[in-house]
Each structure stands twice: as structure tokens, then as C-alpha cells.
Amino acid sequence: MFVRTQDGEARGVIPSTTHPVSQGRLCHRGWNRFQNLRSVNRLVKPLVREGEGMKETGWNEALKLSGEKIKDLIGRHGPESIGVIGSPWLSNEDNYLVSLLARQVIGTKNLDGSYRFGAAAALSALNQLFGEGIGAVGSIPALKESPAVLVVGRDAHRDFSPVGSRVVQAFQQGAQIILADASAAKADHFYKTLIPVPADRLPAALAAKRDIPLGILDLLGKPGAGLVFVADQLGPSASALALINYLIERRASAKDLPNLLALSRSPNLRGAWDLGIRPPAGGLNLEEMLAPESKVKGLLVFAEDLSVHLPKADLLEKLKKLDFVLWAGRFKNDTAQLAHVVLPLPLFAESEGTLTSCEGRIQLSRPALSPRGESRGLSEVLPELAQALGKSLPGGPAAAIRKEIGKAVPGYEKITGPEVESEAGALLAPPRLASAPPKSAALPVLESADKFLLLIPNTLYAWERNRMIAESPVLYIEYQAERPALKMNLQDAKDFKFRPGEKAKIRSERGELQVALQADEGVPRRTLVLSSHFLNLVESVAGKGEIDPVTRSVYFPSLLVTVEKA
Amino acid sequence: MSNIYLPNLARIIKIQDETYDTKTFEFEFADPKVKQAFKFGPGQFLEISALGVGEAPFGLASNPNRPETFRVTLRAVGAVTWALHQKRIGDLVGIRGPFGNGFPFDEYKGKNIIFVGGGIGLPPLRSLIEPMLDARSAFKDFLILYGARTPADQVYQDRLKEWEKMSEIRFGMTVDVGDANWKGNVGVVTTLFPKCNLIVENTVVFVCGPPIMIRFAIMELSKLGFKPENIVSTLERYMKCGVGKCGHCAIGHKYVCVDGPVFNYKEIGKLPEKS
Amino acid sequence: MDRYILRKEDVNRWVEALARTQEVLAPTRVEKEIFFAPTQTAVDLNLLSGTATLPYLPAKDLVLPHSENLFHFTRKGGDYELTVPEEKKTAVVLGIRSCDTSGIYWLDKFYQENFSDCYYWRRRNNLILVTMACNQPVKNCFCVCCEGGPFLDSERDEFDIQLVDLQDSYLVECKSSKGKALIEANPKLFAKADPSAVKTREALEEKSRNSFQPDPTSYMSTAIRRITSNAVTPETWTELGEKCFDCGGCAFVCPCCSCFGVGYLNEGEKGCHYRFWDSCDYSGFTREVSGHNPRGEKGERFKRRFFHKLSYQYLKRDGRIGCVGCGRCITACPGEVGMPTVVERLRK
């Protein structure tokens, strides 16, 4: 994709027609990308806290102050009192430096990304199956040739045009396309089969062969069969592992692996994960860093509006009470509001760096615009911060950092080669299945004749994307803000004689909740949907959720509930 | 070539609170030449912008016979109206227009006139009511019906009181829900129909209000024998340019901003999609 | 109309001469994609007249760009200063294809209805279009079904210049005074064409017209009739609408799509209002502030798009259908539901 500029401003975009993935097509966010590049809500100068407000300052002062605060915390409480948060909204080069900053400069094992609450489950499953360097586990172009594709969640289609378009092409070539989605009343034209179960219960439903003609399940074992899912919405790691294992076990020949596409609405999820933005052994993850009893006193947050990602109210309270929060990012947002030091970063379109796609394709993004205001890239900033801490970090041009990555990160040897600079980018090595892939027990399918199924879809993973949407006049009206309400099937709402806006009382084994209802034709019968970002509502009915033992983080499984008029 | 997208600056010279979320603004153009040249017809609208925030269409709500200053009445519902509500007397806004076909004033001469207004639907009708009252003798029977949700939701309360006292017109008012002080009719605006002895022959009815009120009013009027071509309303659509170019307000091959906003129900019935 | 012969080896001399007094835009590869880019000399003849594909974006981009600033404002005390950005000088567009020229004619008509859109016209008036006739259509082309090509009609169309590739030379058909000026400034390069060249031209056009693949779009008139009489069922529109990804790509790459939105920026004491391509495929296109959306349904939005493109009501208003058959929507559509697919479906 190209950004077109005039007078130093983004004025338009066009897709690349020769790129093997995009082939001249974009989604609506892509087509309107130039609008958020013009955003006026950008950070343009470093800021430091002064009483209740923030004061503009120079880079030297901001970095000096940050260095002093970090040194002070290390001196008083040790390096483990500092946590570092990288981001799928940073390039591989930047994430690599963030990771080095934590491990080598500060010497803390408390390193993570906000995908802890979402995609970490699916990525951990891939790690368990394919080892540390996950490799190129999927291919979007190859999806077109699939005999069958299992798509988990209907969003995976329209929201990811290149993938959706290959699904349509596969359908046109006779492939069987299966949709698994408990929140969809009906499936689009090219889905042969709809499996109405939530992702976390899907492996059990597949094993029980529910709602699925047998021939189709057999096709999922054929070479090239695809599994498409949104990485942040697959439920706990055990479910993700069981689902992928299901396909691996069905395959006819040992040498074929299924085409696995773990989609993300963040541009560099795979890259951030692969470059080590996760806690090493003995380190705290993000949830543990912000737990009420945690000993972390200072948090360095990079490019992620952390305060809107947190799945529990007490984590946010802890974040607000930390002795020191450094926030380096692009937009004026809630996290910038509560930080002690704010550093402005350039957007992808304003700097050079590589990103790793869901396929495992490393691609180089070149700047189309100059950095806004006084914003500076992390490859300049972090070595200076390291210096303020009396240490050093490699810096310089992005290509120099790629050389370091090529040497240090397993599977990323190609990041230094000429392929990365080519349009198609460089694919990571093909995945190699671990000799003894782990098994996992799947959650049972929930069924009850007299109860409703409450789905709590994870919506706490894409807020940087939401920011980009808010900054575009087209997308801002295209995506309506969600109301804090419970979605219910229109006919069910009629049967209950609910008037518009009237409150319902829902009760589960874990709690109860009174909430406004929103009738929705798109929701299936006897199903309720409550987005996970309405924290207070979710905690009332779902309690504290469950802890995924692999990611050591909270998730909210679907529940059976009763419904009555409030 | 004149630039139809470049607004003229106009100053707010008066602000009147109408209801808790609705205000009437009176403007005058900052440039005396623009002020002098400005004319508008009943039923036309303006594109008003809070610069840097947004621009939206608003029906003119004052008498076209006195275009030196002009009024719009607006309810704070979105970013633009919200920003405009924050403005004070003396502040400048951007104004383009007037746009739209407006009411063909002369065609109504010699006819009986009925206005049916609901809530915030009265303002656009007022740009027609006032010049008609200026030329009262050109029209026959003259009936204004106005309904609001509650007495607190009524706009132009002073003017309503004057209309109530005028001997040359008939006037009826109702609220859906009354309060302690309300002594008048309670019920939706159509409940006034049977009480007002509506004349069907040689009559034009102007209907403007919330969509649900319009729907019921049309239904009742049709039952009484009013023909669709004699029922006139103004349509509202999301709009950007106001001049038939941006495409947002198109219904079939009609553009609300150019072919409307005034349509009669015969025209509306012919459109190939829902209005 | 005047007809001349321009030898291919003289093309660059002509371009060089033109470039001295105005900008010359010719199809050029930038990062593998084809754009109309400023050229001093050395035009890529294969892009200019070969069977090479069209630029991804139609030449509409030159008159109605993806986004353009309408005006800037500066707050000064209680007052505002409004300024309209300047527009640049004249340019010759060399090698625009007939479908794109037809698209610009459509826009010309649209942007002078009711009033003249000054942003459009100050760009348009500065352009001289040198159209290249297509001797060989490519895969997605169906201009022959939409009167968008493959050649401009020398009798009917009021073009500036049309070039026809005669292998070693170009036949130069010149109609408007703007076009004539480009020839008269460089008379030595142009020889009068003899009747045999005209014969060759006609044969080439005939051959080109016959080399389109048999294509469902030959049912264009059926689709027009059915849309005009509102005979297409809501179910069919819903079925087609379901295939749409709401990306807006078809509208952006369409030479005849003219809808725009307006954005507002305000930073401190300064700001600007700018307009940008918008698409009736977007659900936000008609959504009102209250949340009410008169075209909230996918199928209705899909119907809207094709009603505008193909209904007789619009055909009568605009003088032609809103499709020139360039096939770009086929390239841009991730749902594989471009114009020919829709027309084929509506036939039934």
C-alpha cells in the first residue's frame, strides 16, 4: 500500500497491484488510511507531569527525568520494580530495542505486551506446537486453493479484506467454507455450514461432529485446508491448542500442515511476539505487574493506550497509582493523561521499520511523511535513555538494528537479506511441528434448554485501531460507538415484551446484572452478547473470570444465564 | 468562478433558549456586502459550520421578508450542533447558502392553509408561516396545529402565545404529556384534527416533525381525503455539500438538497426507495 | 477535425517541446504502479500505446483527487481569515485511455450542473487530454458495452486530441482549439494524414471492437431496464450486497464516481476543511447524527450504487450511464462483485 502525499500531507492511498497478498485490494480502513495520518490529536512534544497537568519540555529534559526516576526506583526497590510494555503497534526494530531495554539495560524480566489479554493465548499455542520460532504458519495467497476453510468468527472475513477475498475465491473454486460463530444468526452466502458455538467450545463441538456434515470435516484434513481466526478471540490457550491440533490430527499426510492464519487487528502482532515482547522465565506478565499485590513501581509503556486494554478494574487502579509511568506513543489518549513522562513517536508512515504479518512475512515499511512535530523514533530515543541509565543500546538506522535482530532472534535470519526490501518481503522459515506436540482438553459445549448463552467477546485488544478509526471522518461514522448494553435476538426480545432500552436482569452462577437491552437481528436465538470492554457490567455477571494457566491471564468464558425483566 | 464551498462569516447577534437542548440563533453576515445581497425563500436551508469542527444543514426559521438578519433553531445532538451551542453572542460561524427549492409561495395563494408541526419540526415551517401572515389576505382559511412532547419541549413559546390571540388565524396546540400548569389539549397532534373542522377542498397541508409524527399525520390526513399532492413536507438527510454534488442526500435520482427539501407526498411516493 | 501523422521517433521531441511551456503527464511506473506522472522527455511508448494495463486509478484523480483542501482558516482574535489553496498551471495528459476520457466527460457534465464546482473546474480547465485509442482490450475491459471506448467517436465526441497507434506512427485526430494549439506550436512534427491512414484507423477500431472477450456485460441494457422499472427484488439486492466488503474501493477507482465527504481539522488557531472520496457502500454514508440510517441495509446500499450507475433516471440526467467499462472495479473488489458480475446477475 502506498500513501500519496502533497505539500508534506497525506492526501490519499492506493493499494499495490503486484503485492502477492493485497493484489490491488484494500479494506475500508486501508482506503481511508490517509485521514488518520492527518490527525490533529497527535503528540508533538515531550511532556512531563506538573501537578495535575502536563507541561511541554525538551527531549533532553524528558529523557534525563525518566533516567533519574528509573534509576531511583532501581536503587530503592531493585530492577524488578520496573515493568516494560512493548506493542504490536511498533516495528520489529523498535520492539527489539524495547526488549533489550528491559532485559539488558534495566535488567528486569517484567516484559510484556497488552496482547496478554487476547492473542497471547493463540500465540502460546503456536509456540507449544512449533517451538520458539513459529515460522511461516500460514499463507494468504494459498488460501484460494484450499479444499476447505474453517473460519472462526465472521469478522475474519470483511474486516480482513485480503483474507476474505481469498475465502471468496476459494468458494468460487468449489471449496467448502465453514463458519464457527455463536454470535451470528446467519452466515454469508459462501459459508456452506454454520457451527453456532463460541470459539472456546469449538474443539469439543468438532470432536462431537455437531451440526457438521461428515464429508466437510474430512476435507479439513486435505492438504491446504485452512483455519482462519482472529488471534485475540480464540479463548484460552487450551482451546486454541485443541482447535489447531484438531486440524493437525486430521491431516492425511504427515508432511502437510494446515494453513493457519492467526489474524490480528494490530499490524505487528507476530513481530512483537517473535521479537521477545513477553516475559522470560521468572518474569511477571502484564496482568501480574498490575496486580494489586505486585511490587512493580514503575512502568514503561510503548505505543499502546494501556489504560483502555485492561480487563479488570483493579488493574487500572494499580496503573494509576504507580510511582512512575513513561508513555511513548503517537496520540493524546488516556494513558498519556496518567503518565509522568510522555514521549511523542512517529507513525509507521513516518518512519522506517519492518513488520511481520500473520503469515510470517517480514515486510519493510518506508516513510511517506516526515515525523510529526518533534516526534522521534525509538532507535534514536532508547539508546539515549540507556545512556541516561549509564548503559548502552545499539541504535542508528533501522537496517543496522535489523542486522542485530538477524543474529539474535531465532528464525529471523532473513530480516537482513535483500528479500525484505522487495515488495513481497521475506517469508520466515516454514514451520516445523514439535516432535511431541502437546495435547489439551477442550471445554465442553454448553447446553441448557431453559437458559440463555451469554457470550463475552474479547473487545479489549484493538484500541489503537479504534483510535485510528476515530481520527478518520469516514470511519468515525462507519463504526458506531457501542452502547453499554446487552445484545439479544430481536424475536427473543419481543417474546419477553422488552420495550426499547428497558433493562433486563441476567443471572449466572457467578453473579447477576441489570443492564439495558439492545435488540439485534444479527444475534441468534437464545444468545446474549456483552462486549468485554464494559468492565463493570462483565464483572457483575461473570465475576473474576477464569485464569488461563498458560498465559497466566484472565479470560471470560461463555456462560449460561437466566433472563428476566428487571 | 465563485466558490460555493467557501463559507461567509456571520456573527451571532442573539441567542434564545427554547428548550433544555434547543436554542435559536440570530445571525447577521459580517461582510456588509454579503449582508446586503443575502436573500432567501421560505423552506430553504443554510449550511452552517463551526470552523474546524464540522458543518451541517439547518432550515431557515425566520421571515424571508426580513433577510438582513436571520434565525435558525437547533437542537444539540451531534458534534456540530454541540459546538454551535457553545458559541456566544458576537462569535463568528461559517455560513453557505441559502440552498434548496423552498416552498413555492405564490402557488399557495387563494388556498386554505393548514400547518401541522411537531416539536422541532416547527422552525422550518416558520419561514413560511411568517411571510404568509404578512400577506394574510392572499390565503383563505389559515390553521396552525402544533404538538410537542411536553410543555417544556415547545419552541417559540412567545410566538405561540401571539398566534393563540390572533383573530385572523385558527390555532391549536397539544402536548403528549402535560404538566401541573398545562391546561390545554393532551394527546398527539392528530388528536386535534377532529376538533378543528379541517377543510379538505382547495387546501394545502404542511407537515413537519419527527418521522413517527409525520407518518401518523399523513395516515390521518389521507383518511380525511387529502390528496398526496396537497400534503407538503420537508425531508431531512445527512448532507455535506448542500448543492447536489457530494451524493449523501440522494434518494433515487432526487437530491434532497437541490430537488428538495420541500416535496409533496405524490413526489415522495414515486421515489424508488424509502424516504 | 484535423488529422495528422506523428512518427513514433518524434514523440519525445514533441513531449520535450510541450514540457517547456507546461507540465506533461504521461503514464509512468512509480514503484511498479502506473500513474500519470510529470514527464520531461522519454515517454514509455509501451505504456503510452501498448496493450499495457490501465493506471490503477482513473484520470479522475487529476480533476477530483482522493482528497483536497477546500480552505484553510486562521483565528485572529475574534475573527477568522479564510484562504483557498492555490492550484497549479496547465498540463497535457498524454496517453489517457478513452474510458478515462469518457469518465472525465461524465464528471464535466456532473460538475457543471446547477453550478460550476470551482475546485473541479480550476483543475479541469487546466488539462488538455491526449487520448490514446485502444487497439487491443485487456482482460477486464468492457468499454465496448458502455460506449466508453475502445476509441473515442471522432464524429460525436468533443475531444482535444486522439492518438491511434499505426505501428510506426500515430494518427493524430485533433478537434478542439486546445488540442490544435499543441500541434500548431510544433508544426514540423506533424504531417497531414492521407486517406489510407483513416482507412487503417477504421479497420483497427473494428478489429479492437471484435476482440473483447464474450462478456456478460453485453446484457447491460437488460440490467438498465430492470433497475429502471424497479424490477429487481430486494432479495437479489441483499444477495449481491452480502458479497460486498464495504471497502469503498469500487467507488474510488470508478472514473464516474463523484461522491465526496468533508473532513474538518482544527489545531490550535489554525485548521482546514477538506473533501475526500466517499462511497455509498459505506453504512456511514447516510447515517444521521441521531443514529437513524435510511440506508442501513447492505442490499439497499448496493441497490443505490447500481441505481445511480445504470438507471434510466440518471441516464437521462447525465446523458450516459455511470459506467465506462474500464473494469477497474473488478481489480479493486475483494468480494468479486464488480460491475460485470452484477449485470450478469441482474439479467436473470
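By letter and in written order, the chains are A, B and C; residue numbering begins at 1 in each of them.
Please note the rule applied: a contact is a pair of C-beta atoms (placed from the backbone, for glycine too) under 8 Å apart; a residue touches a chain by one contact, two chains touch by 3 or more.
Everything numeric in this text was worked out from a predicted model, so none of it was measured.
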Chain-level touch network, classified as line, ring, star, complete or other: line
Chain at maximum distance from subunit A, centres defined as averaged CA atoms: B
Length of the line joining the C-alpha centres of subunit A and subunit B, rounded to whole Å: 49
Rounded Å distance, subunit A centre to subunit C centre (Cα mean): 39
Overlap residues in subunit C, where contacts from two or more other chains coincide: 261-262, 264-266, 271, 278, 287
Interfacial residue positions of subunit B with respect to subunit C in the complex: 1-7, 9, 49, 51-56, 77-78, 81, 90-92, 94, 211, 236-238, 240-241, 243-248, 250-253, 258, 272-275
Contacting residues of subunit C [partner subunit B, same complex]: 70-71, 73, 75, 78-80, 82, 84, 110-111, 113-119, 121-122, 230, 258-262, 264-266, 271-273, 275, 278, 280, 285-290, 292, 294-295, 300, 303-304, 307-308, 311, 313-314, 317
Complex contacts: residues of subunit A adjacent to subunit C: 2, 4, 11-18, 24-28, 30-32, 34-35, 38, 40, 157-158, 161-162, 164-165, 168-169, 172, 188-189, 423, 473-480
Interfacial residue positions of subunit C with respect to subunit A in the complex: 31-33, 56-57, 61, 65-68, 239, 242-243, 245-249, 252, 261-267, 271, 276-278, 282-284, 287, 291, 331-336
